[in-house]
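Multiple structures are listed underneath, in C-alpha cells.
Presented sequentially are two complexes of subunit A, the first with subunit B as partner and the second with subunit C.
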Partner chain A sequence: MLDQAFEALKKYDYGTPISELQAIEDAVVASHTDAAVRQDLEKRLIAALDSGISRDAKDYVCRKVAMIGSPAAVPVLSKLAASEENSHLARHALERIPGPEAAAALATAATQLTGKLKIGAIASIGARRETAGVASLAPFLKDADPAVVRSAALSLGTIGGAEAAAVLQPAIQSATGDKTALIDSLLQCAESLLNSKKTAEAKAIYESLSGDQQPRLIRLAATRGLLACGAKAVES
Partner chain B sequence: MFRRSVSFLMLLALCAIPRIAGADASSDLVEQIVKLLSNPDREFRAAGLEKVRTSAKGAAQTQAFAAQLPKLDDSARAALITALGDRGDAAARPAVLEQLGSTNEDVRAAALVALGEIGSASDLAVLLKSLTSASGAEQQAARIALTRMRDATLVKTIAAESKSAGPQLRGKLIEVLAARRATGELDAIIAATTDSDGGVRTIAMNALGQIGKPDQLAAMLPGVLKAEKGRERDNAERNVAEVCKRIDNEDQRGAALISALGTIDAGQRDELMPLIGRVGGRRLIKFVADIATGDDASRRSVGIDALGKWPDASSADTLLEIASKAKDAAVRRQAFLAFVKVCANRDDRNDQQRLERMKQALKEARTTEEKIAVINRTRTAYDVESMRLVRPFLDQPEYCQAACETIVELAHQRQIRDPNKAEFDSVLDQVIKLTDNKELIERANRYKRGETWERKR
Partner chain C sequence: MNRTSGKPTCKANVASVADGHRGATRRQFLKAAGAAAIGAPLIITSSALGNADRPAASDRIVMAGIGIGNQGRGDQGAFLGRNDVQYVAMCDVRDANRKQCKANIDNHYQNKDCKTYGDFRELLARDDIDAVHIATPDHWHAILVIEACRSGKDVYCQKPETLTLREGPLMVAAARRYGRVVSGGSQRVMEDYRGMLEPAWAGEFGTIKSINVNVGPLPQLCNLPAEDMNEDIDWDMWLGPASWGPYNSKRCSGSYSINGASWRSFSDYSGGGMTDWGAHHFGGATFVCDVRELQPTEVVYNDNAQGKWLDYIYPNGLTIHHNKPNSGNLQIVGTPGEKLAPKPIPEYKGWGGIYGDFIHCVKTRETPFRDIERGVNTCVLAHLGNIAYQLRRSLKWDAAAQQFVDDEEANRMVDRGRREPWQL
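Take a look at the complex of A and B:
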C-alpha cells in the first residue's frame, strides 16, 4: 500500500485526489510510536523531495516532513527554501524540525537569500521561538531594507524574553524611520517577561515606553502593561 | 531559652516580610489606578477602570477607589461607579449611596445599577422609589438593580409589595418578577391579571407569557376574559398561547386547553374561542368546527372567528367547507375571508404551497370583496408566479389598487425581484402609471433602481 502511495506521489499534482496518498498519511500516524518506521519513512520522503515530483507533491511531502522530520531532512529542505515555488512549505518544515541544524539552515538562508525569500527565512527563525535565534536576527535590525528590519523585529517579538528585548532597545534608540514594528516587538517581549514572572524586567520596559514623548497608543499599551505588572506583584 | 526566643522572633519577622511587600505592591497598584481615573483621556481611564473591576482586592482598596468619586467629573464618576458595581465589593456601598444625590442623571442611574451588585435588601426602598421616578434612565437603572440584586428574600418582598403598591409601581414590580424568572411567585402575578388597571393586567399577562407554566393555564383564563376587547385581549390571548406552546405534544396541548376551558363558566366560554384558534392543533380544530357548524347561529360566528385565527393553514379546508355550504351570505363572507387569511399564513409551508392555496382561493372567490382579499393576501407567497397571478388584475379598475399594492410588496422581496428584474421593472412601470398612492410610486421607483425601502413603523 505504502509503495503504491509513493508511486502515486510521482504523478501527484494539483487536482489529484488526496485519497491516493492515504497510505502515506497512515504511515505518518503509525510512525509516531516507532522510531525505526519513522526513520525509514523520512528517508523515502527525503528521496521524494530530491526527485522531480511536482510542486504540489513537494508541498505535500514538506507537510509530512514537518510532522516527522529530523536533522537528516535539513539539507534537502534548505535547497527548497531557496526556491520561490517551494520556499514556504520548506520553511514550514524547518520551523518544526528540532535541533540546531534546522535553526542554522534558516540563519544561513536569511543571510544568503534576498527579497521575499530572505524576509520569509527571518520570519521562520522567529517562528522557532528559540532564544538562540536572537543572535542571528540582531544584525538584520541594521539592514537598509525597512521590510527586513520589520521582519527581524517581529521575529524578535515572537521569540520574546530579555535577550530579544536587549537587542530591540538600542535599535529603537538609533532608528530614524518608522519605529512601530520595533516598539510593538519590544512590548511583546515585555509581555513574555511578565508571563514568565520576570515582573521587574517587564516593568522596566513598560516604563521606558510610557514617557510623554511616546505616541499615545504606545503610552496606552505601556500603561496597561504597568498595570498588569502591578497586579502581578500583588498576586505574588 | 533566650536563643530559642530570638529564633522565634526572627521567624516571625521573616513571615511578615512578604505580607508587607504584598501590601506595598497593592498600594502601589491602587496609586497607579487612582492616577488613571482622573486622566482626561477616556482610554487611559478605561485601563484604570478595568483594574478597579478585577484587581487589588480588599475593602481598603475598594474604599480608596470610592474616595475618588467626589474628585471626578460627571462622566468619569458614572464610569467609576459602574466599575465599583462590577467589582462587587460592598465596601463601596456608602460612597455609591451618596452619589444618588448627584445632580447628574447618568451618575444617579449608574449608582442605582451598582446597588444591584453591591447593595442589600435595605436599599429596596430607594430602588422602589426610583422605579417610578420622573427620569426614564433612573427607572431603567432601578429595574436592572432589582433584577440583579442577590438576596434570597428579595423576590418575596417584591411580590408582597406588588400587592399593596399603586398601579404604576405594581406593574413595574411584576416586570421585575418576570425578569428574575420568579416562578415561585406566580400567584402574585396571576392575581394581577384581573387587576382593575389595564396596564397592570397587560404586564401580568406578559410576565406569565414569559415564565408561566401549563399548570397555570386555567388561572390565566379569567385574565383573558377581564382584558378589554381589542389590543389588550389580543395580547392576553397571545400570552396564553405562549404558555400552551410549552406543551410539546399537539394533542396534549389541545387537551390541556379544553380542560382549562372547563373551569370557566359555560356562558363565557365562547368568548375564549379566538384563544383556541391561536393555540391551534388537530384536536382543537374539531372542537371549534363543531361550534362553527352547530345549530346555534350566535355561536357559529365565534367558531369561525377562532378558526380564522389558527396559527397555520390546517383549519383552511374546514373553513372552505363552511364557506361553500353556507346559506347565509354573512356566514359565507366571514368563513371565506377567514379561509383566505389562514391560507396566507407564513407558517411551515413553502411559498409554492402558499401560492397554490391562493390560486385555489381565487377560483372559489365569488364576490369582488372576496377576490380583493385574495389579491391582497397573495403578497405572502414570495414567488414570481404570485406577481404573474395578480398582474392581470391591474387592467380591472375594481381590483387595480389591491393588485398594485401586492405587486409592490412582492417587489420588496429582493430574492424574487432580482432574478426577474426585467419582468418586475415592466410591471412596476405599470403600477407607477396606474396608482395615485405616492408611497407605492416611491417604492416602485426604488425597487426599479435596486434600492431597498424601510417600512414605517
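Take a look at the complex of A and C:
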C-alpha cells in the first residue's frame, strides 16, 4: 500500500483524489513508536522532494516532513525554501525540525533570499522561538526595506526576552518611519520578561515607553504593563 | 498609507481620535468645537448632535467591517441597524461584495460616505474608526485581530476565533496589551442551550460529571483543481497566510457547507465542522458546565468497535466527551440526589444580543460575554480534538505552557507556517 502511495505521488496534482496518498498519512502516524520505520519513511519523503513531482505533491510531502522530519531533511528543504512555489511549506517544515541545522538554514535563507521569500525566512526564524535566533535577526533591523525591518521586529517580539529587547531598543531610538511593529515587539518582550518573573527588566521597558512623546495607545499599553509589574511584585 | 486621505466624511466622524479612550476623546472634541464656535461660525448638523431617536455623533461607535460575505453581511446588518453605531467603511477581497456593501450602507444613511477597501491595512490605518467586526475565513482571524489591536481598534471577531492553538494566546495578549475590547462571535452559546443551561446553573444536576458534544466532521486537505476565475477577487489576498492553491469556487465559497463545498471544509482555512460548529457546541457545553475560563489537561482518544470518540479531562474533574457513542448533544451526567446552590447566569450586557453586548462593552470598557479568551478556550477543544484524531492517540495538554506534554510530534502541530509575507 505504501509503495502504491509513493507511486501515486509521482502523478499527484491538484484534482487528484487525496485518498491515493492515504497510506503515506497512515505510515506517518504509525511511525510514532518506531524510530527505524520513521527514518526509512523520512528517506522516502526526502527522495520524493528531490524528484520532479508536482508543486502540489511537494507541498503535500512538506506537510508530512513537518510532522516527522529530522535534520536529514534540511538540505532538500533549504533548496525548496528558495523556490517561489514551495518556499512556504518548506519553511513550515523547517520551523518544526529541531536542531541547529534547520535554524542555520533559515538564517542563511534570510540573508541570501530577497523580497517576500526573505521576509518568509525571517518570519520562520521567529516562529522557532529560539533565543539563538536573535543574532540572526538583529542585522535586519537596519535593512533599507521597511517590510524587512517590520518582519524582523515581529520575529524578535515572538522570541521575546532580554536579548530580543536589547536589539529592539536601539532600533526604536534610531527608527525614522513607522515604529508600530518595533514597539509592539518590545512590549511583547516585556510581557515575556514579566512572565519569567524578571519584573525589574520588564518595568524598565514599560517606563521607557511611558513618556509624553509616545503615542497615546503606547502610553496606555505601557501603563497597563507597569500596573501588571506592580501586581507581580505584590504577588511575589 | 495616507492617513489624511483615509478620513471619513460622514457626520459621525467630525472628530478624529488617535487612540485610547475614543468616546471621551470625541466628546472632548465636540466640547472644544463648541468653544470654538464662539469665535467662528461652525455648522453642526442635527444629525451630528443627535435627536430623540439617535445619540449624538460623539456617543456613536464608529465601525467598519472586514470580510463581508455571507456571515459578514449578517453581522454588518446587526451593527448597521443600531442607532449608536456609525458604520463608515468596509473591506473585502471581492469587488462585488464591496459594491453591494457600499450600496447597502449608503442607502441606509442616505449618503455616499461609506469607504471601501481591498486591503485591510488601509482600513486599520484610519484613526477615526473605533471598532471593527471581522468575518473573514478563519485563516485570517488571528492576523486581523492582532493588527486591529495594534492599531487601537476594538474587535468583534466571528467564531471560530482561531485556526491554531498558538494563535489564541497571541490574540489574547494583543487585546490585553492595548486594553482592547475583543469579543468572539457565537450567539448560539447563550441562546441555543437554555434547556440545559438553566437547570445546570440552578444546581439541579448536582455536580456535573460529564457532558457530551456531538459535532464534526474533521477538516480535509483541499486539493481541488484550478477553475476559471469568474469573479473579481484578489486571489492572493484571499489566500493570505494559507498555502497557495489554484482558484476554485468551492475552495473560497462562503457557504455554510462543511462537507467539501466551502472553505469551512478545508484544513488550510478552517478546523472543519469541529471548529465551525464546535465553536458553538463546545462553547455551549463549557458555559453549561461553567468552565469557560479553563482548558482541559488531557484528551483521551478512544477507538473500538463502537467507534472513535474523545474524552477531554478538565482540572476540576469534569469530562467533556466528543461524539461518545449513544450520547446526545449536550447530554449531561450529573450527580443523582445532589442539588447545588443556584448561581446567577451571566447575561449579555446592553441591548441587542451579542452585538449589543459588544457595543455596550466598547462604551463601558467592560468584558464582553464571549471575551476573546473564552472564545480561545472553546476553540482549544476543537483544535486538540483535531490533532488527537489526526495522530490517533491520547494527548496531555499543559495549558499554562500551551504545549503538549512529552509529545514532540503533537507540539509540531500547535501552529503552522504562514505564507510570505504574512506573520503574527
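In this text, the second predicted complex is superposed on the first by the 236 of 236 C-alpha atoms of A that agree within 3 Å, B and C clash if a C-alpha of one lies under 4 Å from a C-alpha of the other, contacts with A are read in each partner's own complex, and residues count from 1 in each chain.
Here, a contact is a pair of C-beta atoms (placed from the backbone, for glycine too) under 8 Å apart; a residue touches a chain by one contact, two chains touch by 3 or more.
Since we're looking at a predicted model, the values are computed, not measured.
Within the superposed three-chain model, A:Lys11 lies out of touch with both subunit B and subunit C [touch as defined at top]. Of the two partner chains placed by superposition, A:Lys197 touches none, neither subunit B nor subunit C.
Contacts of A:Lys43 after superposition: neither subunit B nor subunit C is touched.
Look at A:Lys142: by the touch rule set out above, it reaches neither subunit B nor subunit C. Contacts of A:Val234 after superposition: subunit B is touched, whereas subunit C is not reached.
Using the contact criterion defined above for the overlaid structures, shared-chain residue A:Ala127 touches subunit C, although it does not reach subunit B. Partner contacting the larger number of subunit A residues, of subunit B and subunit C: C.
With both structures placed on the common chain, the touch criterion links A:Arg216 to subunit B and to subunit C.
With both structures placed on the common chain, the touch criterion links A:Leu226 to subunit B but leaves subunit C unconnected.
Shared contact residues of subunit A, touching subunit B in one structure and subunit C in the other: 216, 219-220, 224. The touching residues of subunit B, when paired with subunit A in their complex, are 22, 25-26, 28-29, 32-33, 36, 41, 43-44, 47-48, 50-51, 54-56.
Chain contact summary for the complex, subunit A toward subunit C: residues 14-18, 29, 32, 56, 59-60, 63, 66-68, 85, 87-89, 91-93, 95-96, 98, 116-117, 119-120, 123-124, 126-127, 147, 151, 154-155, 158, 180-181, 184, 187-188, 191, 215-217, 219-221, 224-225.
Contact residues on subunit C toward subunit A in their complex (touch as defined above): 18-20, 150-152, 173, 176-179, 220-221, 223-226, 243-246, 390-393, 408-409, 412-413, 415-424. Across the interface of their complex, subunit B is touched by residues 216, 219-220, 223-224, 226-227, 230-231, 233-234 of subunit A.
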